[in-house]
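As structure tokens, the structure follows; a few thoughts come after it.
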Amino acid sequence: MQFVIVSVVAGNPKPRSRTLDAATRVATAVTGTAPDHTIDVIDLGAALLGWGDPDVAAAVRSVAESDLVVFASPTFKATYTGVLKLFLDQFETGEGLRDVVAVPLMLGAGPAHALAPTTLLSPVLSELGATTPAPGLYLLDSTYETDGRAEEYAERWGRALVRAASR
Amino acid sequence: MQFVIVSVVAGNPKPRSRTLDAATRVATAVTGTAPDHTIDVIDLGAALLGWGDPDVAAAVRSVAESDLVVFASPTFKATYTGVLKLFLDQFETGEGLRDVVAVPLMLGAGPAHALAPTTLLSPVLSELGATTPAPGLYLLDSTYETDGRAEEYAERWGRALVRAASR
Amino acid sequence: MQFVIVSVVAGNPKPRSRTLDAATRVATAVTGTAPDHTIDVIDLGAALLGWGDPDVAAAVRSVAESDLVVFASPTFKATYTGVLKLFLDQFETGEGLRDVVAVPLMLGAGPAHALAPTTLLSPVLSELGATTPAPGLYLLDSTYETDGRAEEYAERWGRALVRAASR
Amino acid sequence: MQFVIVSVVAGNPKPRSRTLDAATRVATAVTGTAPDHTIDVIDLGAALLGWGDPDVAAAVRSVAESDLVVFASPTFKATYTGVLKLFLDQFETGEGLRDVVAVPLMLGAGPAHALAPTTLLSPVLSELGATTPAPGLYLLDSTYETDGRAEEYAERWGRALVRAASR
């Protein structure tokens, strides 16, 4: 288990966001160690709007070569952000996340969008070829640090996720 | 692996349907052996409309105690059938499919609904607590016996599914 | 406006449910008059599991001939019920709700499934040919009688709904 | 009817795309006249990644002040693009498209994603407050110019759309 490579991807237009922090906490809670790679998508800037940028390609590669990745987004318009989708659009359909175990994570201000990680974000990750054993996780951005939900999720799903990610 | 208990659930209003046949083929292709239990939901009849029927309870239990289950439906109105959902409504939210690896399968007349198993059926199985490592599978009801798609799916996802289902 | 024919359809396995009551309130709030037809789906019983029953056909016809219909369901497993879907499966794809303005309504115990009427129920009604100008409405089954949400929805969307329904 | 203000929004990372062309054709087929405003989202460039840019604000305003808008995207990863979502993220939740009749349009290489405009794009437009009487339209990017589907859609839904858009 200690050889699983873990990454987090945060798709918030604000750098160093609570989204990124929550993703890091979830990755740590699920795997027991801090993530190896962190992609704060907004750092890639305008290169996300086109194809072929080397920094974007390097970020895509580090995600594709991970064993387990937390993909995190705030909730904008009842679903994941355009910023996160821009990054996901850079992966190859059906192949880009092959052999990657993906954890869909969304944060929001209230409970109304709790379904979105499972019904909206998870299918996109599936389309990229990811393995998605667990449902998505939805956290409240005002309480995620202390409400214990990330830990409950890790307790419920951590074993299945790490097992799927172990080669 | 030979100890994985495998079931198929088919939610077609017609008994002995192509849905059931396709589900059995997929279960066999994925696991290498014929399913241990077969639930043709329509056989449960009017008891599905209420709660507490012993035959329904026995069917629910045999599914809940399986390690890997193919949940299959024809495509009605761009999604799974009312008959299948009636049966799924009998399971306990978050717990009814705990420790069950679920494979969402839908059949249809044309390709337009290929997304439905992943975006519509899979989230319901997640809500029941199932582990869903692989995307859903969509088969054409006119060609599934010979088009090789069930075998491709088994080739692509069988190892991850059986691994997740093995205790 | 007084010539708009209004119906409510409630898909709760319990007859005379809060689902039916809420649907009636929403229809009344939106149109200003009590519904002309009420279909409590569970009353149709085991005939829903097959095709060609005359009572089911009469219920389908009365809905199809309405101008505005509230389709209501409790939230089971994060989506509409099998009972409601059984009834919807009786309509012809693309045509069964032609010229019907549909209002998707779901009730639940908590706020987590607030998206479901718009993302899950509304597309099924669209697939049947319905006109769906407004988003779905989600009500809490413990407070819908007094929390004013049905009235807010009627205030926000009533004019567009009635206008679309007027011939 | 001649006073309806019509816009098209195309969210393709390539400027002057087939997406934009198809959106213009659909708007014209539905309303009988060429669109008044055209937003090729990619023209807004890196300003889409932040908030408060005056060109983005002007584009948002011209859409918000329209009566009928075709929102168009190619299919990337089984859903709309990150580029389109970036632009939609600039609108105010529940209000940004108030009194706008929205037509969700997606183009793809094959028929497998035909559901996406109705199940994925339409709910985002609803969340922004748009009126969405008609289902989404999915066109094949290789045949949309001649296959007659845009015209069929206009025939089936044009009257309801224009009526909803007329003040």
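Here the chain labels run A, B, C and D in written order, and each chain numbers its own residues starting at 1.
We take it that a contact is a pair of C-beta atoms (placed from the backbone, for glycine too) under 8 Å apart; a residue touches a chain by one contact, two chains touch by 3 or more.
For each chain, UniProt lists the protein as follows: A, B, C, D = FMN reductase.
Keep in mind the model is a prediction, meaning the values are calculated, not measured.
Participant: Consider the two chain pairs B-C and A-B; indicate the one with the greater count of contacting C-beta pairs.
Facilitator: Of A-B and B-C, it is B-C that has more C-beta pairs in contact.
Participant: Roughly how many whole angstrom separate the Cα centroids of chain A and chain C?
Facilitator: 36
Participant: Quick one: chain B and chain C, Cα centre-to-centre, how many Å?
Facilitator: 28
Participant: What positions in chain A touch 2 or more of the other chains?
Facilitator: Expected reply: 78, 115, 119-120, 123, 127.
Participant: What topology does the chain touch graph have (line, ring, star, complete, other)?
Facilitator: Looks like everything touches everything, fully connected.
Participant: Taking the touch rule as given, give the residues of chain B at its contact with chain A in the complex, in rising order.
Facilitator: Going by the criterion above, the answer is residues 115, 118-119, 122-123, 126-127, 131-135, 160, 163-164.
Participant: Which of the residues in chain A end up touching chain D in this complex?
Facilitator: For chain A paired with chain D, touching residues are 13, 42, 45-46, 48-51, 76-89, 91, 93, 120, 123-124, 127-128.
Participant: Considering only the defined contacts, which chain B positions touch chain D in the complex?
Facilitator: 78, 110-116, 119-120
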